[in-house]
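First subunit A sits with subunit B, and in the next complex the same chain sits with subunit C.
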Partner chain A sequence: MTRISRRNLIAGALAGSASLSAPMLWAQGAAHRVVILGGGIGGATAAKYIRMINPEAEVTIIERDRTYYTCPRSNDVITGVLDLDTITFDLSSHRNNYGVKTIYDEVVGVDFDAHLVRTADGSDVPYDRLIVSPGVDLMIDQVEGHSHQAAETVMPHGWKAGPQTMNLRRQFLNLRPGGTVVIVAPPNPFRCPPGPYERASMMADHFRHHNPTAKVIILDPKNKFTKQGPFTKGWERLYGYGTENALLEWVPEEQGGGVISVDPETMSVETAAGTFKGDLVNVIPPMQAGRLAKALGLTNETNWCPVDQATFASTLAPDVHVIGDSCIAGAMPKSGYAANSQAKMLAHVIRSELQGQPLPVPSFANACYSLVAEDYGVSIAAIYAVNEEGKIVSTAGGVSAIDDKPNRPVLEAVYQKNWHRTFAADVFS
Partner chain B sequence: MKPIVIALALGLTAGAATAGESAAEPALGTGELARLFAEMPPGDAENGAALHQEYWCSSCHGPSGAAQSRNYPSVAGQVESYTYKVLQDYRAHRRSEGDGRSALMVASVQKLTNQELADLAAYYASQPRPAPSGPKAKLSEATLALITKGDPQRLLTPCASCHGADGAAGVRPETPALAGLEAEYLEHTLLQYRSGARANDTAKGMRFFAQQLTEAEIKELAAYYAGLGE
Partner chain C sequence: MKGLKMTRFLTLGTALAALAAPALAEERRPTGELIAMNCGTCHGTYGRAFNDSMPPLAGMNPDKLVNAMIAFRDDTRPGTIMSRLAPAFTEEDYRAIAEYFAAQEPIPYPPEESE
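Showing the complex of A and B:
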């Protein structure tokens, strides 16, 4: 009988007779079985690349939702530039073109000793290697006055694309003339570091054309943010940033931007700098590793998942790898690009391990394009390696130059759009 | 330990095209075209070289305008006035073939001035023409006749009468040099002229001819011009 430890059991009672077939299959030397929890960018990339470089591996993705919406470019959906369709993907190509198996269900527990994943319908899925890529969990309860109910209705986060994106879009496109949008930015570390600032930018771009007396205010518990130089230069050029009639304001922590509490009744946000009332209040809560990672006991005191940064092997469970937003990956940001890069490396690690080959020398990349306006892009890019202490460090990189070359931001905006198209194809087609 | 290059790899190249392409504006009329060239400022090749670097032209068209992949055409050694006119066409959305590929070029020149476009054109014209991009092609007699004599039955003037006997010179300012260009690019371009997707040629100056050509002729012509050059 299979034993599933209490710590590893998320929910649901265990039926007594778990499958015995798993260890037998293993003993018979069947194909390497890789099970992936989460079919987002990290999980989907890992599945595809494992099958590409190691066709003998049997790869199964267990995912709750049948449809995936990329967070990249979801800000464009919020401001009405794109439809949800543009950022909607699924795993059909994984099944049809790469022979990946998909199970659409909730995971209720993992037996790390017996190497079994239990799903909500009671099935046990055996694995030789488990990849956990559950994204982030939004800590709505950490925001004083906020509630899950408010997050689903009047104060959406829009930080997991899909219905949340559409909620924000409805509210945004119905904003009254001269209305105010308040964006509550999260503390570090969080998914998509440039996201809140791109979102505010895209809103200001919309105001410029459609609602010139409206305004977006970012309340921030931090004093700096990624690509701050190119962002603020773009804001100055396009939105009168820093002037009295600015379409966009940023209130950093040192000016009292840290949020004390929110009140969904009055649509207001309390800060040291005073009370901000919004016609639209977008609260992006603090984040931690995806709920599944935490429930499986893969997180430490930081609420993120510690891993060997060269192999993404969990330091808390055997034969388990954690990639993407949930893992602690040294200098790499929590971005889709980073998850994609980690997944490709992990595909090589797993092949090497299962075939008894030497491990690969790890190398990673990240690039984040953001739109300051529809035709004004900025970017940051870096290459990473693992140093002697086993930490991922940046070895090269750069941010968009701030200069008087007016055509560069125009080009970067095209790069951003093309990046999303090719990136989504890399992950999902 | 075996090294692995995960790289900014496979499919992640941001420059690859599409997105935000608008429907093409009509080609310049004959008068407008004449005015365009009459008002073309003298180009400064040195400044063009700087622009070539600053705006990342080299990442597709090569360090000095000779493309290093077959995905993008070479622009080195191209007729100055032709390059200027095409860049103008991109900037004004007259080059937009409906497949999304022009978006990157449209954005690349969107904020550049006439002077800067002329500088780029002067720079590329000052660079050596690309070496033959393919083997010297063996031409069927019929296709050789197309190039040297044309085909009166189809009202086709000889290719060489505009593009030069060696494919290296444009007789009219808007006619490009073809020698050494990538065969795939030449074929693609002819097919686009033939379908009408590419429509920035004044008075259907190229569309008219391309529409008379068969696919086999287009393939042969493309291979022929790709194989020309020193």
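Showing the complex of A and C:
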């Protein structure tokens, strides 16, 4: 998968329409063609909202998989609370309700000059604006001793929902009495910052009811994590965190939690704090922009995609926008909500360009509820704007207050569950 | 409290801007439509979700919505995340959001299907 050269493509009616640096003008009178690579949360939201606010645009999603599993609430599937069906979605509503075209195929290259996407079956799909939303790539090779084979079998990541989620679920629900789960947390930046901590929490919640001598240990290359205050308060309240018999342990970098290597043969993890053996070892590798973004040359030395943070226009290719986990979006986290919000902003940007209007003033949101237990939620939420230096910054927000109001975490757990329903519907229905 | 801080910050920002570029036009704000679409992630596309937690906003009386946002901003209305988000916006923003949602078709009760 590489940037295909122009001469490999059939030069037809599109020849001569390219411009390297200046944005391509919308073809006069013709339909405005937006092609989206990736039908996950970013891509699916962008397609729907572009069609909602800008029905004259022609929108095509190119996606490899026919079904999508949301990472949000996949931890509930791992611990057996939900079935995979609850987090399974597809693009049928996009076709039926919003007139979005879908192509299920691999992308093999893009000709940025000719504005063509080539798919594995040899088709060339023309665009006026290209949106790239490929999520993250898990850098399994960066973990000493780890392998793709081990990641598919004994040391799954569970960081792309679907078969990986089900692998973890099988191992987790078959854990021996008194067994140990080791979660290797990734370094920053990574998709779903609260994810490893919510996962450990929900495992501890399961142990509390079904396997009270079992334990989950988080090995972390970091010394802090999102919602740490409310999370640790919940762990103290529910799981004896910080005591001898805690159901959940967190080993930060300063206590030797950074992983040196893993050994799938012995199911052990080597750290400065010693060797940890697990009955279940969940290795969440370091991350970078989705492979497609990298193959298309849309990443920089950080391995993520630089963009103009007010328009999500790639700084490396003309008429291309990158949204979601792959892009560098200032203070915004790599979350589904953030991808959804960026997609809505981009829908406004594209409408403005199409209609020759001034670019919209950006506004973004992120809200994230995590479960510490089935009936105990914590949250973080923020609003973002773009500052004078062109960076996305938070203008208001915060995490759940830690206080003695017993209804607060209960209420936040209820909100978490309802949030997933409305969120998934906003993306896929 | 947060709202107060924000106001001071904006005043200072405006003063500095005036100093640097006296001809600078009034600050452009995001449209009500754009902000409201970010509300839709929890409250449903067009504000038309019906569930146990977040109220549907489609068709809501705009004064009611503006007053709710002011109460969240001032931390006098209980909730989960709204009191943390409301201080990001001006009362004119609240009004713009409210007008967007007021113009949407309300969700029937009982809802035909959950969105």
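Basically, the second predicted complex is superposed on the first by the 401 of 429 C-alpha atoms of A that agree within 3 Å, B and C clash if a C-alpha of one lies under 4 Å from a C-alpha of the other, contacts with A are read in each partner's own complex, and residues count from 1 in each chain.
Basically, a contact is a pair of C-beta atoms (placed from the backbone, for glycine too) under 8 Å apart; a residue touches a chain by one contact, two chains touch by 3 or more.
No experiment lies behind these values; they were computed from the predicted model shown.
Residue contacts after overlaying the shared chain place A:406 against subunit B, while subunit C stays out of touching range. By the touch criterion defined above, A:397 lies against subunit C but remains apart from subunit B after alignment on the C-alpha atoms of chain A. When the shared chain is aligned, no partner comes close enough to touch A:229: not subunit B, not subunit C.
In the overlay built on the shared chain, the residue A:189 is in contact with neither subunit B nor subunit C. Of the two partner chains placed by the overlay, neither subunit B nor subunit C lies in contact with A:221. Shared-chain residue A:344: touches subunit B and subunit C both. Touch criterion met: A:422 reaches subunit B and subunit C at once. Using the contact criterion defined above for the overlaid structures, shared-chain residue A:145 touches neither subunit B nor subunit C, since it reaches no partner. In the superposition on chain A, contact is made by A:382 with subunit C only, not with subunit B.
On subunit A, the patch touched by subunit B and the patch touched by subunit C overlap at residues 341, 344-345, 348, 360-365, 367, 369, 381, 408, 411, 414-415, 417-419, 421-423, 425-426. If you check the complex, the residues on subunit C that touch subunit A are 2, 6, 28-31, 33-35, 37-45, 49, 51-54, 80-81, 84-89, 114-115.
Remark: subunit A residues 48-49, 52-53, 337, 340-341, 344-345, 348, 360-365, 367, 369, 379, 381-383, 385, 395-398, 400, 408, 411-412, 414-415, 417-419, 421-423, 425-426, 429 touch subunit C in the complex.
Against subunit B, in their complex, subunit A makes its touches with residues 341, 344-345, 348, 357-365, 367, 369, 375, 381, 405-408, 410-411, 413-419, 421-423, 425-426. Chain contact summary for the complex, subunit B toward subunit A: residues 1-20, 54-56, 103-104, 107-112.
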